[in-house]
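Please go over the structures that come below.
What follows is a pair of complexes built around subunit A, which joins subunit B in one and subunit C in the other.
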Partner chain A sequence: MSRREATTQPAPENPNRMSVAAVARTETTTPESRDEWLDRNSGCIMVLPAVVILLAFAIFPLIVSTYLALSRFALVGGSFKLTFVGLYNFRRLLFGVQQYHLLGTFKPFDWPEWLAFGVFAALMLAWLVRYAARAFTVLGFVGRLISAGLATGLVLAWLGTLATGAYEGTLLTTCVYVVVGVLVQFLIGLGLALLCAQPIRARNWFRVVFFVPLMVTPVGVAYMFRMMADMQKGPFAPVSTALGLGAWAWATQAWSARLMVLIGDTWQWTPFMFIVLLAAVENQPRDQLEAARMDGADAFQIFRDITWPAIAPVAATVVLIRLIEAFKIIDMPNVLTAGGPGLATESLTLHAFIAWRTQDLGGSAAVGYLLLFVSTITCVSFFNYVVRWTRRHQ
Partner chain B sequence: MTDDRPPMRRLFEPRTLDSIALVPKIATYTLLLLWTLIVLFPLYWVFVTSFKIEVQVDSGPYYLPFVDFWPTLDAWDFMLLQNNTLGPYLNSIVVALASTCLALLIGSLAAYALVRIRFQVKVAAVLTFVVLVIAIIVAVVALDVPWIVALGVAVALFLLALATFVRRFKAAVGNNDIEFWMISNRIMPPIVAVLPIYVMFQHLHLLDTQVALISTYTGVNLPIVVWLTRDFFAGIPLDLEESAEIDGASKFRVFFTIALPLVRSGLAATFMLVLILTWNEFLLALFLSNANAQTMPVLVAAQNTTRGPQWWYMSVLIVIMIAPVVVIAGFLQKHIARGLLAGAVKG
Partner chain C sequence: MTLKNRVRKTILAAGVLAVTALPAVAGEFDGVTVNIMTQTGAIQEPLQRRAPDFEKLTGAKLNIIAVPFSDLYQKVLTDWASGTNSVDAAVFAPQWMVDYVAGGYLEDLGPRIAKDTAIQWNDIAPFFRDFSSSFGGKTYLVPLDGDFHMLYYRTDIFDKAGLKPPTTWDEYLTDAKALNGKEFDGQKVYGSCIAKKRNAQSYWFVTDIAGSMIQSKGTSQGTFFDTKDMKPLVDNEGFRKALEFLKESGKYGPPDELNMDVSDTRPLFVSGKCALNLDWGDVGVLAIDPKTSRVIDKTGSVLTPGAKSVVNWATGKLEACTAANCPYAIDGVNHAPYAAFGGWSGGINTKAKDKVKDAAYAFFSYLSQPAQSGVDVTIGATGFNPYRVSQMTYNDVWKNSGMSKVAGDSYLGAIGASLNSPNMILDLRIPQNQKYQQVVLDEAIARFLAGEIDEEATIKTVQDGWADLNEQIGTADQLKFYTGTLGVKR
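Let's turn to the complex of A and B:
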């Protein structure tokens, strides 16, 4: 980020403090017109509305949610009562009776699981050691410790449930949506962008058409795919019959249901990747392309050595934006499968929503908070390790 | 000019950078048309379904109007003339436009200031502020103190703290930290925020009003606006603004007459993105609106009745929801890609 444009304004320490000081000066020393006062404090006045709105709609709810997550909600005769219960809600989710819902039902580890876990943990450890040996700052090390801790925990949960065929909880389901969804959307988006950047006709037409799914409301997309996936009266019913599947009940099998959710999500969000990546591909240095062509480089070499380095920072940023949004997925699983079969397609936001509907407000806030932790750590890690890295190496 | 290369090379290798050989051309068109089909078929199906009646949907798939089923305007007639669709539609338009414009104005003002003016906020002041907010909430929720009293006491304490001990601490956060804080608010899942916001509007007696939705959406989308617009402002040259300031123009004047027009391409892209997000938002609208301020996504979901989803009504709603966005996107199309790119490159 460029700081060159920062001017040498006197540094206001705090909006309120500045105004207090300014008022004091107007009263005692030189008289100052209102316009001058406005101009001198323009920085604070410009930022203040945004700060106030974010305080009201982000920070205040966050603090209230903390309180909710630490208490138990009960309806008492037409009104409600909040009892402070400490970390009970979190304990119940992580270790207690709700563990199956959030983390899944663990199977005991056999040797392949132990081996895989050992390898992963060793990798994480090596990464930490390498960082500590090269450039050590306390903040950087703590940050990496947190990232490595979360990654190891997720791998542990994955090995204990999904990888061995046991039921996984909402946390891992959300991670499946995020990792697989974002990856697939990125690859399709990149592929389409590369195709669309070829010297072909009707480029603008493709661009407009490919953008359309982004404009459909997610609830609408979810119902649309429920309509499409209806194997009795939907458009693919004859195909399903021809394949001998009959009225194939995809919603009763865990992986086919998850696949349906992923298909809907991909249909909706690939355009976002596509439109930004296309702009980046079209923006790549043309002289280098021509020179490489002259030298007889093939398409893959050109992509690897010219196109990819040119678009990597954009690619990293667009993936980051998608990561942030992907963690919030709710409409698609809610409409398509209502989280079923069992809990197989339930995302964390849906989990919190269902807990809220059953008036377990404390549990709902606790789930929301865990989602916040996981997504914050993931997104900040991605920003620090990937986005910054691509920018440094451009 | 004749092409005298051997036939195999003619098939696979383009002659110039602006042409494409036959085989890659066919492959490209095939793949692009395939994705076009994937994109358009669900939309086509929704469009066709909106002209069906219940029997035609229930008795198996019919694909082509006039060929294997006879289209009717029954669903359109019911949704547009008999059902109250106009209300939610107007709500959606008002809420989406108002909150998008507000978020764009407030967000770009903040982004501009963060790019051009150096800020230093004392860490001690921030910590005091956070402690006081927590104290207010605990006092109001747990100790039943009237919230106006708590707020008054807190403001007084905050000013007192600013005037006394906060000065002595040196540690301060700068522009980068403020920016990061603003943008990171977007990570927060709406499900965490929605209940406190609900209670807040309940206390203010603003539940189920357009005001509640407009202000909430403004808050939710502000981080995106700051994120994207800050890079547009950072990308414009400083000279113009400096000369205007030497001529005596105020910062606000410079912002509105010089900086904003220079980044209109980026603003158009941001506008489009935020408009799409607010127009389509469901979860917050579900909590904050009921009969009066209901927006279109909620109405779409409401067609899933106890008798099962009313596909034909739902399809009508989806079609009339997409239409205006497509029209606006058509107008802003050439700005969108350019604007989003500028934002994403510098991030």
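Let's turn to the complex of A and C:
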């Protein structure tokens, strides 16, 4: 754009140059005008391949999957038929016959659940009122309304299923993987980063070793964990037998099966946290550290007042990236338990995959879209309320 | 004899016999490439192993594409339905043929089979020849495997305990309970091993048990739906008892049985850790592999157990067996051996080029010819079980495979008894049967076994799920398909 302005709107304070340019333009013939055209449009031409690829591989599938989510797919006589069904696939998942699968099997609330829900709803309301009173913008308020809506919905689903002793669906299972997984991975990654930033022996060796799990394909990790977690025949069978865990069947109980999925996921993804946080820890201001040490500050004080403020923006960003990734967990539950026992370890992505495998392409796309909504709202909320906040307060 | 030796011997035998048996001539398929899709592991093994020999004999290049079992139906269907047609042929479950034929994706192999003497079509047992591989009077598949559920038991353990192999499900539970945790030959055994993992094979096993109480008046009675109105045969005491059996048997099985598919239970039985086991014919041949088996000549095979009372379809109640309601009972026990899955078979994409179709057919014929298949069914790793008349009696091939006469008679006797049972259960073969079984039934069983839903909720889930599918696809059409498949003459 600026290039075009430069050529079509020459600087008025230099008439001599303008006339030279005009003469040059009149003298030029076809080849020069083509070069000029190329020159003027080079920006667009350069961007075009990226735009085409983006349209073909990101936007087009997104539009097609939107239509799929609103349709019923059926194979008919050598081809397929898509019947538009409106929001039927979403209704079926949220309120209909597939509700148990996505949201869980609900039990009626007793007074503790009503109380907990009331408290949470009041907190959300107070948060919205506080925002409206202090720094109100329409966009900001709508954003917060969406965040509060999702949080309240999730709490409602949690209270109606897990808290009442009923069974939750794939949405809450995914949230467990995301919240617990990312938190544990962050804490372990940060701990390892702080340790490896110390002047210890074989520091580089440790760094490489801690980084290796990230290089392994997730399916490989899942199969490895399936073997290792076999209490009867696995490599640790003698240990588990000695500890009296030989008969412990983790795969037959919901929470132990989820725990095993989380352990595998944590083993794989902690290195990602570790490597990014290590870079941040090593970049903290040395002069401040030395000054603090000179003044006799202890390790915790140094971490709280110097290290943490220095790495907080990076930490928030790395958690955000990991959040986006964590919502897509599929390999670990699929290989370890095939989503079982029952539906206990099934994530949203696995839910969509199983639906796709049974030709329920509409249902599969609808699950995919619900996952997109939940993960986008969560990640945008995290970015706005945490990442930006840490940057502002650095 | 080790597996390797047997495989070597197989290849040698194949090499010698192929020249006379193969319909194709040397170099006939030079430059022809055939993409064949099947499942990973067993089934992939014999295809992959025999492909180079076939390539040498005919010049055809074979690409064996293997995908996990749970993806196979969908991958083949998607490839053919979307017109991608990258898969020229596939080895899959005959149950799915109905969906592939409905789309017009499967080549009618009848004319090729009629011209092919090497395949010895009449040697294939009538059930696999006339039912499994055919649909609507046309033959679309070449059978490569014979499938029945059977009961395996440890002869040594039962002898020591003074027990006889169970003939009813109640006896099965009593024996499993009595033997569970007992030590034999220095290791503790589990009373019962059944694959109960989700998204695997558990839904077939529930039919083993429920079927023996629901179907008693012969194969054509059916076990899945009422042949009058397509009402699911689920809300009855037989199905309830089957659910209770699955849960109860878990108490006498490995602690992580809920996370076990057949690829877990098979090594467990073969390594001597199970007293009783329900499975397809594979276990019988895996048990004779000296490399891995600790149960050589300690494995007995019998018909799947049955029940002394059967469901009255009108009332849904169990009633004691009489000559009227259990005409095929053996010693007062109604057995209903389940032809689960129907046996892996090869089908060809109708959109493939003619030369490719010919090459694919020649390969399936080559695999099925007695010279090759006779040996393959004796090797546990193949996943292929006897399906030809010539394979049903103990002969030199069985002897060379390392199976003793006693074990052979027991194993082949159980297959023969299943195949000849007038009350054999035919697997569901109506359009979209995969949704009925692999989706609705499998998920409900998994949730029931995990304790997420109780017996009543499980019954309701399956009943409603099947009725819903009937409605979506068309109850009248489904009924026509269902009664059509049951009317088979064997």
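Note that in this section the second predicted complex is superposed on the first by the 348 of 394 C-alpha atoms of A that agree within 3 Å, B and C clash if a C-alpha of one lies under 4 Å from a C-alpha of the other, contacts with A are read in each partner's own complex, and residues count from 1 in each chain.
FYI, a contact is a pair of C-beta atoms (placed from the backbone, for glycine too) under 8 Å apart; a residue touches a chain by one contact, two chains touch by 3 or more.
These numbers were taken from a predicted model, which means no experiment stands behind them.
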Partner chain in contact with A:Thr137 - subunit B first, subunit C second, else both or neither: neither
Partner chain in contact with A:Gln301 - subunit B first, subunit C second, else both or neither: neither
Contacts of A:Thr83 with subunit B and subunit C, given as first, second, both or neither: neither
Chain touching more of subunit A, residue-wise (subunit B, subunit C): B
Partner chain(s) touched by A:Tyr223 [first = subunit B, second = subunit C, both, neither]: first
Which superposed partner A:Pro235 touches (first subunit B, second subunit C, both, neither): first
Which superposed partner A:Pro213 touches (first subunit B, second subunit C, both, neither): first
Partner chain(s) touched by A:Cys196 [first = subunit B, second = subunit C, both, neither]: first
Contacts of A:Trp267 with subunit B and subunit C, given as first, second, both or neither: first
Touched partner set for A:Trp250, first subunit B, second subunit C, both or neither: second
Subunit B and subunit C contact sites that coincide on subunit A, given as residue numbers: 232, 356
Complex contact set, residues of subunit C against subunit A: 70-71, 74, 77, 81-83, 99, 102-105, 197-200, 254-259, 432, 434-435, 438-439, 443, 446-447, 449-453, 464, 468
Complex contacts: residues of subunit B adjacent to subunit A: 14, 17-20, 24-25, 28-29, 31-32, 35-36, 38-43, 45-46, 49, 57-61, 63, 106-107, 109-110, 112-122, 125, 133-134, 137-138, 141-142, 158-159, 162-163, 166, 172, 175-176, 178, 182, 184-197, 199-200, 215-216, 218-220, 222-223, 226, 234, 238, 250-252, 255, 276, 279-280, 282-283, 296-297, 300-301, 304, 309, 311, 314, 317-318, 321-322, 325-326, 329-330, 333, 336-338, 340-341, 344-347
Of subunit A, residues touching subunit C in the complex: 75-80, 97, 105, 167, 230-232, 247-252, 254, 337-344, 354, 356-359
Footprint of subunit B on subunit A - complex, ascending: 1-3, 5-9, 11-14, 16-17, 20, 35, 38-39, 42-43, 46-47, 49-51, 53-65, 67-68, 82, 84, 188, 191-192, 195-196, 198-200, 206-220, 223-228, 232-238, 267, 275-276, 278-280, 283, 286, 289-290, 293, 313-314, 317-318, 320-321, 324, 327-328, 330-331, 335, 348-349, 352-353, 356, 361, 364-365, 368-369, 371-372, 375-376, 379-380, 387, 391
